[in-house]
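First the structure, then my questions, so here it is.
Just so it is clear, A, B and C label the chains in written order, and each chain counts residues from 1 on its own.
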């Protein structure tokens, strides 16, 4: 019931409550007590408002990927990329680079930081053109080209011209960007998110042309690709690959746990320009306390070992934050613990707990089949056989169902994709004889059984040994 | 232990209203609400809610969104035969009727995002917008970029929008192989027995006391809880058997007090219902009469009675032949159907290495020639190979008693499988006085 | 029409195509083939008229038969449509609110007959319950899209006629696929339900439209559930279930096999959205019995199929398709055939007309009558001068003819009631010596004089052992049957049986135990030599017992009951002997009876395979070429190449070496040329011959006797059955 939320009490009231509950952070309580006293005489901000302010701020960080002032833990890459792009933007050198890193490592953030910084320079701002493409959206080159045209605001220029080739079209676009005199033309920054997806387009026309332009020294063009695939270069055709500058920026640098911890703290703490200073201090103090707290640290450590990327950290913090309320105006280690529990819960086990006894029996039967024909696919008939055997041994423990009912249970499991049919042709073969595979492993089943509410002991025994 | 639903930024009484409509789901509602946060605050880009059928996933979500008047759209992915429909519905409910005209014919995700951006530039979100995708597992079958796209829609359209996915299937089955933006997972666990009792007791019969009904529900759960925890199914069962439960009250041989008598009355019915749980067996009066009229001696009621089919004489034999062909190894045909098949020793005829019976592995496909060969040897009278004999084969296929394995347009020696159960074929064989077990390899 | 060629065989078997042909230019088609042109026109008219009234008859029968089921379905529909409205108050319907009411109709495997049922069903629904009835078939909804589209189009298209805005709504539907969703349907439904005019669809009479409930349900009929792809159904039902609040939907499943198919095709997650009720139609055998009863076993219909013909038709029904519709079509065909092939069928009509037609018989027709075997037999029975009369004077023949026609008429009037009586009496006997079904008895009566058969004998024996109450019951049934009889004999028989039954009820006869003792003593009699008889067939055994009983009976005197019983049986026997003579014994029966069952079988139950084989092995049957006739086993060289190749291939094994085949072929052909093969160009085969051979082989392959194979080079595989 920790998730439950109780009404906002008067300051006095929640002081008492504070004593009752938060005995772990005495320091904080005192702070609150003082603060509430202060509030008693001059309060322009109630706690509630502060909390919602905090929520707003942090949510923007965690959910909206609002840019931090400086990218965290990737200074060198930041410098490198900024340098490259500046060359294009200012000196009009064409270039191409790939930013490679696992999901949530902060590729987009890095790029956006750089661009932000770049655009702060004035002549760049009024000169450079940006084109954002995303492999998820521009699923083929025709769409991509339309998108480019749109982002360069050239629809009217293009009008309804017909072009012989893709290259022609692109060339025309870039040509159109040239200023009055032919020498200078505006540099264009192409950013390709999900770069690897573009490699799947029909003979990679877009990539080829972009990189080709970036090679030939006509219009200054920078192509920045973002991808999570390390083997992305293998995807490129030879002609495309040869035109790529093979510059890669990797975001794989494993930052140590201390760094991670301090980033977490940084992410949680409020900026100095927070309206209510007092609250801000208290909050930051509490965050500091949190990060020093052993249990909280353990949680973070566990999480860190699981995945180092920021997004999962954000998710964790977000969950913890969602538990911050007026009655609980700071993140306690307990919250963090709960949050990580939610993050790391095994969803399959959860699903298993929701099954009926009958379905559970079928799962066990399948487990035994898996043991017998080590991992070979099996069909319903075999499962039913096993089940029948069990029923004959232990008739009293489970009601003896007719076959159609059992089939229904089996279907349900299939619907939950706990078992997967081997061949696609479901229509051709009878349900009973369609080969399926069990998508659970031994341990999952066993521990699900342990947690299962009022599971008959016979069934448990059966799970342990086929002849139990 | 009902928990008050409370959250800053929402009107008290609305919250109370919502809470009232969500029995036994306060915890989940609370969790969800705290994730969504206050209206104008950002929420996590995508939230994935999973749990079994009838655990109130969509009910809770929709009730919250509706009662608290958040801008939202609920789309069931079953209805979206094309992605275009999905986009259209979203735009319509966010930006009004005219918006969908901006979409081109058969729009791509790119078009959708473009239109969305351009529209929300005019009407920026004051509060978080919510897109609820029910039965989200179907998104996987649409274009591969759709699911990842929606997961990070907030980032793509740069608007304060959150996508809520509802599904019965765990998230692990959704993740594309190159990964994608991970949503927040939220589990809706099954109702506990107590909660089920509480919920089911709510729809009590007007003409009886609520106590009686809840007592009835108690009995019902006692019988069915082990096999079925699906709220919907349980409600169906309750509705089905309640009249039976009340019979003694109607006839006046029992008072609402003496529960034991009532229990003794209803118990057999429930036990019988146990046999057909999940099967939705409701037969009409007319059906019963009809059955009664043509009931052959000792015909058992229930499922097996329903699975009885009248067939023309030769169709029966064709079916029998098909069954034999698909469950016997072809090499044994000589022994079964040749009148003078030398002396084939049973020992060397039965291969040792085949330990698993064909009735476990299922039917094998067989060519038409074999079917007819067996047919002509089992059918007693001499049958001309008339067109109607062949047409019967195809009609058996349309009745799904046979299934054609080879492709339809393969005219030359098509392959079939027999698609009926052993009980079925035995019943058929009995009607024509054919002892099929003698001809089945598995039963030697 | 006489040769059984492949195309025709398959052709006629298609139910629809024949009617198309007739519709095309029926009369000419009819008259062309027939030998005497002048009457054929008349016969055609007659044939048409008869068929019309037969069809009307059958339709009446069909309706009566399906009435029961349809009524209960309608009842179900009304109930559930009412529950749509009463959701708030009524508890049960509130519990069911989220479910779609569904009627599952189990109609049996004779799929062709279903259409009629569904037609009448949807008609009645539209007249009484709701204008919104749509039926879909599996083959037109391969995907969910199509199903939705069909559903919406038909539904909205139905009331397009009502007013304008529906017009364009229906019109824009096809091209804007995007709007083809149930939500669109809901809006449409709302608009239609608001305006009262919207309820009455254009073609229905507005009077019936007034009786519709305020929110008429929308009914969707799935004609053939088995054939639908399960995923399409699932998705569709899932979608529909989300609109149960706005839209009173209602499904009707047409099931051919058994209700289990619902569970087989749909997972529980879907079936849990339905509230299914099962309905079942009469078994088709019962259906058939009624049809025969109404069309054949009645003096009203002048046209009569002979026993053989009936056997063909019934056999077709029982052995091949349980299709009553095809049976009727067969009847129609025989009718057509009869009128087409039998010139004297001009007389095959209602009695009065027949008589007056008989008066103006042409000379030629009189001649025909004289040639009729039955008439000849009749003539031979007459006195010499009468015979002369008959053979010379046409007018006299006409006179006699009229008399005979009336006799025949009377014969029929008596025949059927007695037949029924006999059936009533014997159908309850153990092991049904005369058959369980009326039609079996009927056929055997048509075949030969029934009383000469063994079965009849044993049946009478059994009757003589019948317990009193059974006998009385049967007799009373007979009385019921005979009541409507108008002819004199019938009335006599009626009152005779009446008195007999009366006498049975008299107390004194009921004193002693009737059948028990008889049977018991029968037992002990045969128990002495019984051991030897154990393996004998029951019938035989039975008869033996009876004989022994006879003797034992002789010895001691019978009780009055037994006397009475025997008397009754004797009387019945006399009735049978008097009235159940075979039609062949009746003069002029050819006028009414259609006998050539062979033709019928050829048309209705074609054997393409055999006809191909005969064509190939005995080409003479098709191309009347004398040269081919004499061939017994040998291969005639003058036969077409195809036949030669075919015969040669019969001698080969599974794999045929093409070269050897070619060799054999060329030897056969050269044999024709007269020049002996071992001379001049020996072993050398001219291109022409080679080409002919190849062509023949490819033709054979085309017919599906051989097929090219990868197993062995320049070999072809022989197909036992051919790739049918």
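A few notes on this one:
Here, a residue touches a chain if its C-beta (ideal position, glycine included) is under 8 Å from a C-beta of that chain, and two chains touch if they have at least 3 such contacts.
These numbers were taken from a predicted model, which means no experiment stands behind them.
Taken as a graph of touching chains, this assembly is complete, with every chain in contact with every other. Chain B has the Cα centre that lies closest to the mean of all protein Cα atoms in view. Each chain gets a centre from the mean of its Cα atoms; the one farthest from the centre of chain C is A.
The centroid of the Cα atoms in chain A and the matching centroid in chain C are 68 Å apart. Rounded to whole angstrom units, the spacing between the C-alpha centres of chain B and chain C is 40.
Computed from the mean C-alpha positions, the centre of chain A lies at a distance of 32 Å from the centre of chain B.
Shown for chain B are the residues that touch two or more other chains, namely 278-279, 303. Among all residues of chain A, those that touch two or more other chains are 404, 408, 415, 427.
Shared interface positions of chain C, i.e. residues touching 2 or more other chains, are given as 260, 263-264, 268-269. Across the interface of their complex, chain C is touched by residues 404, 407-408, 411-412, 415, 427, 431 of chain A. Of all the residues in chain C, the ones that touch chain B in their complex are 9-10, 13, 68-69, 72, 76, 91-92, 94-96, 98-99, 103, 106, 108-109, 111, 144-145, 148, 177-178, 181-182, 224, 226-227, 235, 238-239, 242, 256-261, 263-264, 268-269, 271-272, 274-280, 282-285, 316-322, 605-610, 704, 707, 719-721, 723-724. On the side of chain B, the complex with chain C involves touching residues 53, 76, 78-79, 81-82, 84-85, 88, 135, 203, 205-207, 230, 232-233, 235-236, 238-239, 278-280, 282-287, 290-291, 294, 303, 306-315, 368-369, 372-373, 384-392, 395, 398-401, 411-414. Of all the residues in chain A, the ones that touch chain B in their complex are 1, 3-8, 48, 51-52, 55-56, 59-60, 62-65, 103-104, 108, 134-139, 143, 147, 150, 196-197, 228-229, 311-312, 315, 318-319, 322-323, 325-326, 342-343, 345, 347-348, 350-351, 353-354, 356-358, 379, 381-382, 385, 398-399, 401-402, 404-405, 408-409, 415-417, 427-430, 432-433, 453.
Considering their complex, residues 229-230, 260, 263-264, 267-269 of chain C touch chain A.
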